[in-house]
Each structure stands twice: as C-alpha cells, then as structure tokens.
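Following are the structures in question.
Presented sequentially are two complexes of subunit A, the first with subunit B as partner and the second with subunit C.
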Partner chain A sequence: MAQIFHRSTNFISRFSVFSALFLIGFAILAVLAAARSPYLTRQNITREQPVQFSHKHHVGDDGIDCRYCHTSVETSAVAGIPPTKTCMNCHSVLFNNVGYLEPVRESYRTDKSIEWVKIHRLADFVYFNHSIHVNKGVGCTTCHGQVDQMPLVFQANTLLMQWCLDCHRNPAPNLRPMDKVFAMDWQPGPHQEELGQQFVKERNLRTTAELTSCSTCHR
Partner chain B sequence: MSAGQPPIDSPEIRRLTPVLGPGHTFRSVTDKISSIVLTRPTSFGWFVGFAIAFSLTGLMTIAIGWLFTKGVGIWGINIPIGWGFAIVNFVWWIGIGHAGTLISAILFLLNQKWRTSINRFAEAMTLFAVACAGIFPLIHTGRPWMAFYMFPYPSTMSLWPQFRSPLIWDVFAVSTYGTVSLLFWFVGLIPDLATLRDHAVTKPKQIIYGMLALGWRGSVRHWHRYQSAYLLLAGLATPLVLSVHTVVSFDFAIAIVPGWHTTIFPPYFVAGAIYSGFAMVLTIAIPLRKAYGLEDFITMRHLDNMAKVMLATGLIVAYGYFFEFFLSLYSGNKFDVYLVQQRLHGPYAPFYYALILCNILTPQLLWSYKLRHNVAFLFFMSIVVNIGMWLERFVIVVISLTRDFVPSAWGRYLPTFWDWATLIGTIGMFVMLLFLFVRVLPAISIAEMRELVAETSEDEK
Partner chain C sequence: MTSTSRILVAACAVAGFLFAGGCRYLKQDMANQPKTLPFSPSDFFEDGRSERPLLENTVARGSIADDTLFAPKDSNAFPLPVNKELLERGQERYKIFCTPCHGLQGDGNGMISMRGMKHPPSFHQDRLRQAPNGYFYDNITNGFGAMYGYSAQIPPRDRWAIIAYLRALQLSRNAKAADLPAALREKLHQSGNAQDSIGGHN
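So, the complex of A and B:
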C-alpha cells in the first residue's frame, strides 16, 4: 500500500504543534502587553488643543499656582476647567493682540466656551474625587506628572485600575506635607517611610480594606 | 462469597450473559464497527434525525442570539429568582456527563470488561453534555464577553477572581473536566483512527483520519506508551467523577439559602449525576444498537448492568432526599421546616411529587429481572429518570429561591418561551453532535473490542 503521507509530514506536524503552542502563548502575551501599552492607555500621548496653551510656560516660567485656574480642586470632585474670563484676567493686557490667542478673545466676545480636549479620562463607572485626594495630601504631580515641564499636557500615568490600587493599597509613599501638595518639584525624602505612616495616622486615612473596597470607587 | 459459587466474573457466568456475542473474530469486529463510518451508506433515518436535531440547534442559536440582543430579561428570571433554567439546565447537563467518565475511568481501573463496548460513546456523551452545560453559566452571566474575568490572568486591574466563591471553583472544575475528558477520549481514539485510516479507500478520508491518528503504526512501543498514557488519564479522570459535581453542589451548599445549606449535597449530587448519566447512556445505547445492529456488542448484559447501576445510585439519591427532608424537620429551624412544607404543599408541589415519582418510585421496577431485560421498558425508564433528575434541580433551585427568609422577598418563577427554547435547543445540539459522532468516528472502541475477542476466546478454551 502506498504511503499516504510523505516523510516530511513527521517534521511538519511536530513543527506545527509546537509553533501553535508558541503562537497561542505569544498571542496571550501580546494581548496582555497591548492592554498596558500607550496605544490603549493613552499614556505619554499629547493631543492637539484648540489653543496652544502651555502649562510649561504658565506654571514653570510664570509660577502660577494650580488653584488659580483649577479653583475647585480642594472642595469638589472635579478640579474645574477655568472659564475664559480667567484667561482674560491677564490676556486682556498681555499678548492682547497675538494671533494664536484669537480663539480665547473670540470665546470672550461671543461668550462661547473654548472646547478643551480632555486628557485624563476615567471610565464612567469610576467615581473619582479630587478634593479627598488633595486634602489627604496626595500632590498634583503624583498623578498628573510635572506639568510645569509639559508644553502640551499629556497623561503621565496609565490610569489603569492597577495603578489606582497600587496607591490605595499602600498610600504612605505618596503622602506629602500639606504645604507641598501643589509643589511641582516635590520628591520623597529619605524619611518618607516614617513620614508617610505618620501622615496616614494624623490625617485619619481609611484602612486598606476600606480604600480597596469595590464601592469606594465604583458606587 | 461462598465457596461453592463461581466468582462473579468467572468464565461460566460470562458465557451465560456474554459481554460480546458469540463467534466474533478480530476481523468481524473491526469490519462491523468501521463499516458504520466508512462503507455503509448514510441511512434516510439518519438524515431525518439529523435534520430535526439541527433545526433544534438552530432554535438554540436564535434563542441565544436574542438573549445577547435583549439581555437576560427575556427569561423568566427576576429577583428573587436569579438562577432559573440556566442553572437548572447547567447542573442537569454536567451531571449527565458523569456516567461517561465513570464508565471510561473508574470501570477501567476496576477492570470491568463490560465497559469496553460502551465507553467510547459514553465518553462522547460526556463531552457533548459538558459542551451543553458550559453554555448555560456563560449566557447566564448576561455579559458573556466578560467571561474571561473569571480566569486568573494578570489583569490591568490587579485583581484576581474571588477565590472564595464556589462559582469560581465551578469554572476550574468544569474546564478541567472538559479538558481531561477530551484528552481521554482522543487518546482512546488514536488506535481506532489508525484503523479507519488503513481501511479508508478514498484519499480525503485517508488524509483526515491519518492526520488525527498522529502517525500511529501499532508498534509495541506505541502500544506501551499508549497504555501508560491511557492509564494515567484514567487515574486523572477518576477523582473528577467525584470532584466536579461536588463543586457544583457547593454552588448551593455554600449559600445559606434554606434547602441548599446542607452537608449532604456533595455525595447526593454525585450519586444523582451518575444516576442521570447512566440513564442518558441507556437512552443513547438502546437506539444505537438497534439502528446499527450492534446487539452483539452492546448485549443484554450491558443494559442489565447499567440498569443495576441506575437502581443503586437511585437508592442513594432517595436516601439523600429522605435525609434532606428529615434533617430539615429535625433541625427545628423554622425556615427549613417551612421549606419542607413548601415542597409538599407549595405552588411548586406538583414538581416535587413528579420528582419523587420519577426518581424514587418508578425506578424500583428495576428490581425485576424481567423488566431489566425488556429493552423498550429500559428505554422508557431511562427517559423517566432523565426527566426526574431535571425536576430535582428545578425543585432545588426554584422552591428555595421563591421562599427566602423574609416574606417580602418571596416570589414566583415562570419560565418563558426563550427558557424552553434554550433547553430544547441544547438537547437538539447534544443529539446533533451524537449523530455526527456516530457517522464520522467509531462509536465503539475497535482496539478494545479486539482485546475483548482475545480474552473471551481464551475463556472458552
């Protein structure tokens, strides 16, 4: 009886079995890697804004405090996007006829908001409150990065749930002295470990169980 | 055993009620089984049966498609009855699978010769039943596309599944069960696939069976490895017969709902699973041997043994019912006592009485030797037990959930058209897969039947 398969079939079938295993493993790793990649998290990606607004210039060069524009960050869930009037406080005088600020002046004239592009977008099912973080001593740059060095703002962190939980499980390393919350250049000092633990106690932070309970963030 | 009697498995007894009809040789066994797949023309009856099963599978696809479009609201479930048909059917199907594993693994380790001609299709039955069972929890989640959340993989949420939940244990139990059953079935098929390859005359068949046979040449080395692998898989599958339905019973027993929270659940669920499984094996074996003239291979001895297993497991189940009932009353816990009252006099009492009739009373007829040797009666009996075991799960799920602790949380459950369509649809899918299986793979293990020929001819010397 003639052979059904050529001799090479032995090699081909073994090779395909092992490569199939390899490919499946590779595909799983690829999916896991993609979920963490900037392509899906939008980390480190700058986006075009209607006005070429530079945080680097306003915060870094001019030294304007975060709260000058983001007024409700200490009292509300949202930090707040400033109205055009806030811009015009200065720009009615400074650079009051340069071309690239025309959208700002137009917004002021027509009373229509500038449509800023949102960079830090959390999923709709996440309840996030700025005020509680700021009031317990989590600084702006901990999540937003050093915006004083960003000509165009980008998302400095992944905003993945695991990133949230890293801090909720162990907040101490990210707690600052209260006067450093809005500082752009704060770095944890050599005694951060004890200091952080002390802040946890002083500021009555909730237990890890409460901070990581589902309904703390998903209400 | 008294000294005067021959041992149960002695040649004398075996000749009396053979596991293989007389006069068979290696060739006749091989030809008879492989001809079903290779040479016999597909009968008209096969096409009719397949068409019906295929339409029912279509119904299932429509039901599931509609479910995905509209959500679980198309079913009769609502708070407080969140489980309904989906879980009833899941437990029913997964239980049915157990007989296949028992026959192929435990009876193999116990060296029971009567397992040989029924193990192949019983294992296929297991696989198809697990496939049907697997559908239900998946579609019951409401968002099946998120089902991967139930597997422990390194997620970007840095969360693991809730390992303390029996529903997660279910995922592991059922997926392990499915995998081991598939491997066991496939490894057992390899020598037969090689036989089919060698007997096939057309090129495509030779190639397909050849690929599946993985280069089997029947050398001593092949057989040596094959037998170690098969023994190992049998060893792996054996604990699964007990563990899978134990874990399924934990879905209920871990909860504090009256009627569920009892320690007797695991053993009586396992017995019930084997009970319904053997009923299903009979339901399949009887038409199969009739349609393909396999009475020599699936003899009255097989049917008789299976009926006896049904009788035995049925009695264990009856014991379970009795103690469930007794302990509820004996505990004095008012919720448990109330549940017993609800079973006997509540709105779903007819289901409970039907369950007792199907699972406990009618099967007592199997004590009769005459009835055990009446094929039509056995077929009828197997259907009755299948229905009974389905009713058991219905009673457990529905009565307990409709009568929770607080009267304000009481409710009613009425399955809708889509509930029924999904149940009947999965039955259709199960039958369709069996039809395909019988047509393209040897329904009885050729290699093991040849061994049996050798062994029985030795007995006759």
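So, the complex of A and C:
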C-alpha cells in the first residue's frame, strides 16, 4: 500500500508544531501589550468636552494656580471640579458674549451641571486620595504631566497599578520641596536622590512594606 | 463514565461558564460598582447630581466652629492671633485666589485685569488703607462689584490669613527704615538702598 503522505510532509508537520509554540508565545505577548496600549489605558488620548476648556490658556498663559479651581486637592480625596460659578468669576466679564462659552452661561442661568468628561478614571476598587500625595510633596505634574501645555487635557501616564507601585516602592525621586508641589516647571535637580531620601524621613513617609500593602489602596 | 460522556460533561461546564460570563448580573464587575463616587452622575436625584446641596436652614458639619470668625463690615477686630505662620498662609492663599486680578503687589494689575477684567482698585490707596478688617472680610465672603464672593473657595480662617497678608502688603509700601529691627536695618544700609520709605514710592 502506497504512503498517503509524501516524505516531505514530515517537515511541514514538525514546522507546524514548532511554530505553534511561537504563536502561543506571541498571543500572550499581544495580550500583555494590548493591556498596556493607549487603546485600553487611554494614555495620551484627548477627549471631546462639552466646552473646549484649555488648561494651556488658563494655567500656561494666565498663570492661574491649580487650587484656584481644584480647591479641595489639599484637604480631600478628590481635587474637585469647580462649580460653574468659578468660571463666571472671570467670564461674567471676559468673553461674555462668545458662542463657545454659551454652555457655561446656560449652566449658570439654569443651575444645571456641565457634564465634563472624566479623563483620569480609576477602577472603583482603588481608593486614591489626592490630599495625602500633595501634602507629602508629590507634585501635580508628576502624575498629570505638563497640564500647562495641554489645550485639551489627556492622561499623561498609564495609571496602571504597575505605575502606581513604581513610586510606592521608591517615592524619593518624586518628592519635591513643599513650595514646588504646584509648580508646573519643577524638574529634579542633581541632588534629588539625597533630597528625596531626606524628605522621606522629614515627612514621615510610611515604609515600603506599608506603602505597597494591598489595603493601602484597596479596601 | 465513558470517555464520551466525560467530554460531554466538560463541554457543558465550559458552555455554562461562557453563558454566565455573558450574563450581566452574574458577572463581577468590580471596576464599575453601582455606587456613587464624588461628581458621578445620579439617576436617583432629579437634578442628576450625586453631590447634594445644603438643605435650607441647615448648617454644614464643622462649620459652627467658624461662627467666632465672622465679623461685621464695619468692625476692625481681628479674631485670630497674627503670627508668621498666619502671614505665610495668607501669602499662599493670596497668590492662589487674589493675584489673578489684584496682582502680586496688590495694585490691581493681575494677569486677568490685564486681559480685560474690570480693573480692581489698588490696595495701596488711602480709602482701602483706612478700611476696617471687616470690610475686606465681607468682600471676600460676599463679593464686591464685578468680584463674586469667594466663600465657597476660601474658608473663614484663610480669609483672615489673606487679610493679615493684605495688611502686610499695605505696610510694605509705607514702612520706614527706622521701623526695621537693627540687624535688617544694618543690612539695608550695606546694600546702599537706605531710603525713608522701603517701598520707594506710594
């Protein structure tokens, strides 16, 4: 009886088994890469807002402090989205007849909230607190990037747990002098390593074991 | 069990899991829990907000302690001890909330004034130098002219810190070199800038 398959098919079968291993490996890599891609983390993606509010203009050009609008950032878990009245502090006079601010004026007239699109979205099982980070000397731009250069705000970092842990394992490189926490132009100097270690002690930061314990962020 | 029936049971189990996974109420979606977070919308309240406004005739928790800090418009009392800490707090808060219009020096030349906002008066004019503390407290709280009230952004203690710093700003334009402590006066003489008034002009 003649052979059904020619001798040369032996190679094809071995090659298939061999490449299947690679395919499986590649599939695993693809899943890992996808989870870290901007498509899922939303890093670097700007999103349309009901009003095209520019942080570049208000922070970069006008030099308004973050806390003028985000008033609760030093005392509360959330930094705070300003009420429409805060917009009207200036825009009752400035640009008070331009069309693109009509949603703001309408919100002020009707007492109906402007529905801003949330950019920095954490999972509901993460209990992030702004005030503790700010009060220990982690600056705004460390997590939020150069907001003063963003016409529309985007998420500058991945917000993956890995990214949180990078700093929780070693906070020293990101600790600033207290008067620079809200500065947009702070860069670590040549002595940041020693300074950071000094701040860790002075400000009574918790140990790495405590900072990386599950219940520090998940409760 | 024959091997065929084993395969059948396994297949049913897999199918069951897939089916349950697709079912919304059996799935555990812990990243999107049915709870209200700050600023999240609500379909329970009519106005769509999960944040609730103060009810009429109620007082926010903790705010009763602020009662001692309220001052009438014509009172010149200052309810807090003035020290360096308060002044530094006032300087910080002044820079955040006041400089956009009033400017770093309090002359009304802030960035927003430069861009067309109604120009506020200089704090260094006589009328405001003579104005009682309560006048500033009232204006920060309730607003004045084109300025809206800042009671929501600036808690009462910080309002007084700002007023203390404002008084320091006013003094800076009218202080005499003789008012300085000896050590600082010496320094001033060495730098060759000694004049009757430190601020140079009024």
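Annotations for the structure displayed:
Following the convention adopted for this analysis, the second predicted complex is superposed on the first by the 219 of 219 C-alpha atoms of A that agree within 3 Å, B and C clash if a C-alpha of one lies under 4 Å from a C-alpha of the other, contacts with A are read in each partner's own complex, and residues count from 1 in each chain.
We adopt the following convention: a residue touches a chain if its C-beta (ideal position, glycine included) is under 8 Å from a C-beta of that chain, and two chains touch if they have at least 3 such contacts.
Please read these numbers as outputs of a predicted model, since none were measured by experiment.
Once chain A of one complex is fitted onto chain A of the other, the partner contacts of A:C90 are limited to subunit C, with no touch recorded for subunit B. In the superposition on chain A, no contact is made by A:A20 with either subunit B or subunit C. Measured by the number of subunit A residues touched, the leading partner among subunit B and subunit C is C. Contacts of A:I45 after superposition on the shared chain: neither subunit B nor subunit C is touched. In the overlay built on the shared chain, the residue A:I132 is in contact with neither subunit B nor subunit C. Using the contact criterion defined above for the overlaid structures, shared-chain residue A:D62 touches subunit C, although it does not reach subunit B.
Legend: residue contacts after superposition of the two complexes on their common chain; A:L32 is shown touching subunit B, with no touch to subunit C. Residues of subunit A touching subunit C in their complex: 62-65, 67-68, 71, 77-78, 81, 83, 85-86, 88-90, 92-94, 111-113, 115, 118, 123-125. By the touch rule above, subunit B contacts subunit A in their complex via residues 153-159, 197-198, 203, 206-207, 210-211, 214-215.
Interface of subunit A with subunit B (complex): residues 1, 4-5, 9-10, 13, 32, 35-36, 158, 160-162, 165-166.
For subunit C in complex with subunit A, the residues that touch the partner chain are 30-33, 35, 37-39, 41, 47-49, 95-97, 100, 111-112, 115-118, 146-148, 152-153.
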